[in-house]
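Note that the chains are named A, B, C and D in the order they appear, and that numbering of residues resets to 1 at the start of each chain.
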Amino acid sequence: MAKLWHKDYSLDTLIEQFTVGDDNVLDRDLVNADCVASMAHADMLRSMAVLTSEQYDSLRKELRAIIEMSDRGEFPIEPADEDCHTAIENHLTAALGESGKRIHTGRSRNDQVIAALRLYTRAYLLELQAACLELASGLADFAQTHRNLPMPGRTHMQIAMPSSVGLWAGAFAEQIVDDLRLAAAAYQLNNRSPLGSAASYGVPLALDRERVADALAFSGVQNNVLYVNNSRGKLESIVLDAVSQIMLTLSKLAQDLILFSMPEFCYFTLPREICTGSSIMPQKRNPAMLELIRAKTFTVTGYCLQVKGIVAGLPSGYNQDFQETKAALIGGARIGLASVRVMNLVIGKLTVNEDRLIQGFIPEIYATDRALELVAEGMPFRDAYREIGAHLDDVQGMDPHQAIEKKHYRGAPGNLGLDLVRGDIARMRGEMEREGARIDKKIENLVGRPVAFYR
Amino acid sequence: MAKLWHKDYSLDTLIEQFTVGDDNVLDRDLVNADCVASMAHADMLRSMAVLTSEQYDSLRKELRAIIEMSDRGEFPIEPADEDCHTAIENHLTAALGESGKRIHTGRSRNDQVIAALRLYTRAYLLELQAACLELASGLADFAQTHRNLPMPGRTHMQIAMPSSVGLWAGAFAEQIVDDLRLAAAAYQLNNRSPLGSAASYGVPLALDRERVADALAFSGVQNNVLYVNNSRGKLESIVLDAVSQIMLTLSKLAQDLILFSMPEFCYFTLPREICTGSSIMPQKRNPAMLELIRAKTFTVTGYCLQVKGIVAGLPSGYNQDFQETKAALIGGARIGLASVRVMNLVIGKLTVNEDRLIQGFIPEIYATDRALELVAEGMPFRDAYREIGAHLDDVQGMDPHQAIEKKHYRGAPGNLGLDLVRGDIARMRGEMEREGARIDKKIENLVGRPVAFYR
Amino acid sequence: MAKLWHKDYSLDTLIEQFTVGDDNVLDRDLVNADCVASMAHADMLRSMAVLTSEQYDSLRKELRAIIEMSDRGEFPIEPADEDCHTAIENHLTAALGESGKRIHTGRSRNDQVIAALRLYTRAYLLELQAACLELASGLADFAQTHRNLPMPGRTHMQIAMPSSVGLWAGAFAEQIVDDLRLAAAAYQLNNRSPLGSAASYGVPLALDRERVADALAFSGVQNNVLYVNNSRGKLESIVLDAVSQIMLTLSKLAQDLILFSMPEFCYFTLPREICTGSSIMPQKRNPAMLELIRAKTFTVTGYCLQVKGIVAGLPSGYNQDFQETKAALIGGARIGLASVRVMNLVIGKLTVNEDRLIQGFIPEIYATDRALELVAEGMPFRDAYREIGAHLDDVQGMDPHQAIEKKHYRGAPGNLGLDLVRGDIARMRGEMEREGARIDKKIENLVGRPVAFYR
Amino acid sequence: MAKLWHKDYSLDTLIEQFTVGDDNVLDRDLVNADCVASMAHADMLRSMAVLTSEQYDSLRKELRAIIEMSDRGEFPIEPADEDCHTAIENHLTAALGESGKRIHTGRSRNDQVIAALRLYTRAYLLELQAACLELASGLADFAQTHRNLPMPGRTHMQIAMPSSVGLWAGAFAEQIVDDLRLAAAAYQLNNRSPLGSAASYGVPLALDRERVADALAFSGVQNNVLYVNNSRGKLESIVLDAVSQIMLTLSKLAQDLILFSMPEFCYFTLPREICTGSSIMPQKRNPAMLELIRAKTFTVTGYCLQVKGIVAGLPSGYNQDFQETKAALIGGARIGLASVRVMNLVIGKLTVNEDRLIQGFIPEIYATDRALELVAEGMPFRDAYREIGAHLDDVQGMDPHQAIEKKHYRGAPGNLGLDLVRGDIARMRGEMEREGARIDKKIENLVGRPVAFYR
């Protein structure tokens, strides 16, 4: 079908391919979002009498039909369509004639794309939060189960001081919860309606932006119409930065698990049904999924960098460069969610080998404890440190369980405070579920059925 | 003086230089923070009877003396000291003997470094927010002043639709305010006490972490002691991500100003006292500070990338790699604040050339407005679009002021809604000032005088 | 079909999806390469009597059949196959039984992947060089045509000194030729046979690595078998770095063209058949392909960063992380080649507007020339500079053509030296064509038909 | 002193600080280079009769005096000077009057900066190559010494197949030699004279660019004067890319050494005089220098990214953004060279623990060897693989030394081919030394004494 801006001459084929890029593939993820946003826009056009009620009803019905096709994987976006927005308008015009030709009144593809991306991102961030909270909860449970299990604490990857499996797992539970604070900031910035911005400068029509925002369950309108377009890409990079923080946490967890499941440590065992094999070595059980999480951390950082680089130095208003941020957003989003889910599965299947953990408690791990015993007898710390340091071979071992229990102030191995992180998880889960229910209700009001914006 | 971990053999000189790196220079920025954190730690040691009241008083006095020396630029950190923490402990031991040897009881350089960086970062983020709010406020004023001044709106850097100087400046005011939401999230994650973590695994002493947190005006304790160390670098990258968002906004503003002050546009004039010259061309007035802001946006992104790359894939616990994140944090922080201040100065000195702005209103800028007039007469938008497109040479000009006024819904050029962003600025300024006053009071309680943590 | 490392239990589905990733899609680009490398490997196995001549012939025939299917887009790689290497081995085993089960003797998927990537990369780099030389040649022609056409020279985007369209275009021609020196270094490092490395540590068989290398037209063998695997990812990043340098050149060219085709300059006109339109603004002709080249420069940099980040800090030997570098290489490679081709098309269609170029010669552009006239009269330069600077309003214009001609030393606007770059282009083209012919001949010897390794 | 472009009004202080940045510090590294380039330029001005022989002689003498001051650390560059170029011109004018005012004839700070950076970079790359060849040579010696010492080969960090310390070290020797091919490409691109470019557009004087290029021992002139400026930043990124490849190699080597010196492996022991200690744990011997190399790999990548980001999308001609690339180049260069030297020292001091290496040879490491024994008996590989895989517990151990020796084809553990890499090292060292001698001679001709361009 024709492009929305079709002229009476043809675009060079090489240029056409280059400018369309992968949009016709990527946009499969945005069809539902664009249909719903179009419905809200049409509803406003009806309130402005640009559309009749009949026209609105037929548009709504047809948009719902597109959603259903899309859910079945049957709504095609041809390269000649450029993107989902054109495919949808073309479909509406073919099916309904004049109503289809009217739906673009008062909007531009620019704000359509932004609106679709915000609905997509909103749904994504809710799923990401849910998955993260499940992982944090799994880690907190794991920490609780193994709270008294000794584990050598390391710094510089060398043996440092007595620690516990509980402290180790609890650290990650807290970290993921903290990571979600950035996802929450991204959520708030994202959850505002861009519609009415048009091509960045508004239109000479009496658009009712609040009505549209409310129908789409946005928290409100993003005010300045130029700012709407100027925030394109930036918002994507904020989302990707939030994802990258989660990946950084998973990366450390993955590295710990890869290291500590090597035969030389064997603190943890990864069950064979989550490990991959080798084409040549019959014995291999490889922690491929953990290595991929480690690697994909950089994939996400790289995507984020692409987006920030693209928007840096762009002048105000829409620039085609923005198109190039879409694949990075969608690619990075998918990686983040899949990685969290995979890690959650790994933690759920992890076995802990107490004997190997205890074996790691070589005497020198107690050097600091022994120095602090001298401190308890009145020696200044720096003198005690030097005294022990000068006679390292004489450092006596101790019971690793007791070594943990003696560190019993808040947050230390003997006092993990898991109730705190569990309280945070419960609170965040509640807020998230209320927000999800609020949105679902509004969308169902508008569309007449639930819609999956991220899948 | 000796390193804290001094042994009876010497470190290879090349290795020593390499491992100390620039810490002795960078740490000048952290001396005050470490002194104040050491005071809070000493106060706790006194409450635990590890220090007597006399010992505490002498330590407090000597730490205050170091702050004063540091404020005068007279507290030296020699390469042989490795860093400020060692220099301070060595100074205390030299001055006070046994009290100095006791102050390290129950802590590690790891949590000392983190504590100092948090106090530094907290002060920095407050200054950054203040500067950003000033810039946002200046932009809102500029927008208000020029709210009716027409400016060609562009997309793809080509002439698009009528816009105004007010819309343009207002967009940036809103963007900066939004950027501060990420700085606020970073602030919250930063403003928790790491002390008690020691070398990542706690110590077998009855430390009172809440007491220390309160004395330092932190909002509370970061719970899990391993998480404290695991968050090193990540937090730095969160701060730098927040700074990078501000830089992205400034970068666009800089690019607009560079473009629109070229002689071919001359929408804006930059006064000569902020422009630099050329060594060979007598006539040049270069917008060097804007070009540098554009460039430094990538410097900050690069710093952030350094930090994320460094921490990705690091196993749990302290790793020396963290040291390499310090220069990136401090470097990126300085750039962010300086750039905001420079931009604020530029906006305050900008002249607007109405005649050149009006000249930009070539007839085709009204093509969309003319299409929407056909829509008002009942033609479907897509038909109107094609009709105008087929007769572009016939598009009639109109009065640019009226073209703006006709776009009068919320956020559009004729209805900027500057009260909204001004309300946000006022609210954020109030919160920030209350937080600053709260901290200053606590710190003065502890130290007996105000302390500059960022300068 | 089954994985090569298939066991008697099933891999968790979520893990399976995660570890296979997009390999089954990406590997479509590697099927031909793997078939040809497998043929060379089988030929060696025949020489070692691991395969009979009949087995070799049937394998060769079947591998050729796979190439033909793949060329028609009809060789499927199912997610269950993991990748093309498994799909091919499974296909051979299904078609030929025992011969298929023997082909993996003495190799690993690791060195198979590397071999396929090297054949793919070699073909890619030859195509990239050809496209770059064509663009450089087009730019040199453009420079020649417009060698006397004045163009305002700018620094800091402000008017600086007299220049010419020829100087401008010639600068890019030389830059692209220089960029190819990095592609050439990447080519040499790439063009060595990895086979025989197996899983990084070789095998206890008498493999003849030189025979395989020769059959595949590699320049030789990459010696150390562990280094073969350790170079995975690094080589990809070297290729992407070379592509990124080309993109940086195109990015500057794109930015110049976007700027200088704005209506305020109109030095250049982009014909409408290569510009895109707007969905809302009927008049728009957007330089979308140039904006995308500008944006894609960062996409390539980001891909390169992904790869470098992934391999940094990986221990020796194969790690699954390497898998994550494949999409970056293939994605970045495609962008680079497409961008060069698009730019070549743009340069070929560019119109130059002499009157608008001349208009840019405001008097101050001659300030330095006038200062140098005072120097010619004996005044020291710094005094002449100050003299002119103090009386800028008195600077007299001159003929722009003469201003260019007066700068006639080597490389200056009046003496472009285009023969130099043209000589380089001719020489590089010759070398490339000889290398291509050499490879084609060897491959046809092995396969019995030509094979497209990059398409 | 005054800026070169000093006007009759003052630059705003904030702007001045911001635009000067750290140039007055960074430029200490460029003083010698600028003095020598200025000498060559003055020599040409004499040949053009812009300077008399007396003027030239006095300039040469004074420039030599500046070099001597600079070598003693006594040539000050004040912030008010902006950079070394201004400081030097001001010094010359103060000392010599009119001659100083004439030296800027026919050049711009832009090409001066570029010339100085090229001389600096040339000297740096020669030192970097020398250090790399020394490290590669040390690794080859280490490989030779331990060529028969078994070492468990790993993939996915799990036990894979028999390998040797010789294979491990030899892999790194070859990798570093390959990395130098990129440094060599960077060297060639760098080693051309930019002078004559002036502010990007040449000057209307009869400059003799070849004479200057020859005096400075450049391989020739970079032709197009606009290209000279357009290559700024790009060249820096090419150098940093080359450094980053070396860092990637060191990063892997560092990670291997950190891992394999953990107590659980103890394959290698790092002597205590190169390890650092802990402030709290008396027993710690930390491989801090290796962790820092691992971290600094990302610092270099980040610097490179800064430079590429800065130059991407910049229009032609000089832009102030280039200034921001200087710190990245100098910072990244220093890190690269220091890291190579530190690693060389580490390799020289490494102890190998044969018993711990042998301990790593658990029976499953021979699974593939056993499968290939079945192949030798006629079983197809894939069947043999499955057979062994089904009875992993029955896999018999073997003598690790024999397991290595059985892999005796080229590049395999039993046939390291160290003569190849040693041949490369010798050849490259010879070329480098000839090039160094050639340059030294030319420079001494010009200056009358040797000059250190990098220190």
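The rule is simple: a residue touches a chain if its C-beta (ideal position, glycine included) is under 8 Å from a C-beta of that chain, and two chains touch if they have at least 3 such contacts.
The shown structure was predicted, so the numbers you read here are calculated from the model rather than taken from an experiment.
Trainee: Using only Cα atoms to place each chain's centre, name the chain farthest from chain C.
Mentor: B
Trainee: Could you see whether A-B or A-D has the larger number of C-beta contact pairs?
Mentor: Answer by contact count: A-B.
Trainee: Which integer distance in Å separates the CA centroid of chain A from that of chain C?
Mentor: Roughly 32 Å separates the two chain centres.
Trainee: Need the CA-centroid distance for the pair chain A / chain D, whole Å please.
Mentor: Averaging C-alpha atoms per chain gives centres 37 Å apart.
Trainee: Averaging over Cα atoms per chain, report the distance between chain A and chain B in Å.
Mentor: Computed from C-alpha means, the inter-chain centre distance equals 24 Å.
Trainee: Tell me, which residues of chain C touch at least two other chains?
Mentor: 4, 7, 104, 155-157, 160-161, 198-199, 203, 259, 277-278, 280-281, 284, 286-288, 291, 294, 297-298, 301, 305, 309, 312-313, 319-320, 368, 385, 389
Trainee: Going by the contact rule set out above, which residues of chain B touch chain D in the complex?
Mentor: Those residues of chain B that touch chain D are 3-7, 9-12, 14-15, 17-19, 21, 85-86, 104, 107-109, 198-199, 203, 272-274, 276-281, 284, 286-289, 291-292, 294-299, 301-303, 305-306, 309-310, 319-325, 328, 338-339, 341-342, 345.
Trainee: If you look only at chain A, which of its residues touch chain B in the complex?
Mentor: The touching residues are 4, 7-8, 50, 89, 93, 98, 100-106, 110, 153-157, 160-163, 167-168, 170-172, 174-175, 178, 181-182, 184-185, 188-189, 196-210, 221-231, 234, 237-238, 241, 244-245, 247-249, 251-252, 254-256, 259, 294, 297-298, 301, 305, 308-309, 311-320, 368-369, 372, 375, 380-383, 385, 389-390, 403, 406-413, 416-417, 420-421.
Trainee: Would you pull the chain B residues touching chain C in the complex into a rising list?
Mentor: Going by the criterion above, the answer is residues 155-161, 258-259, 262-265, 277-278, 280-288, 291, 305, 309, 312-313, 360, 362, 364, 367-368, 371, 385-386, 388-389, 392, 395.
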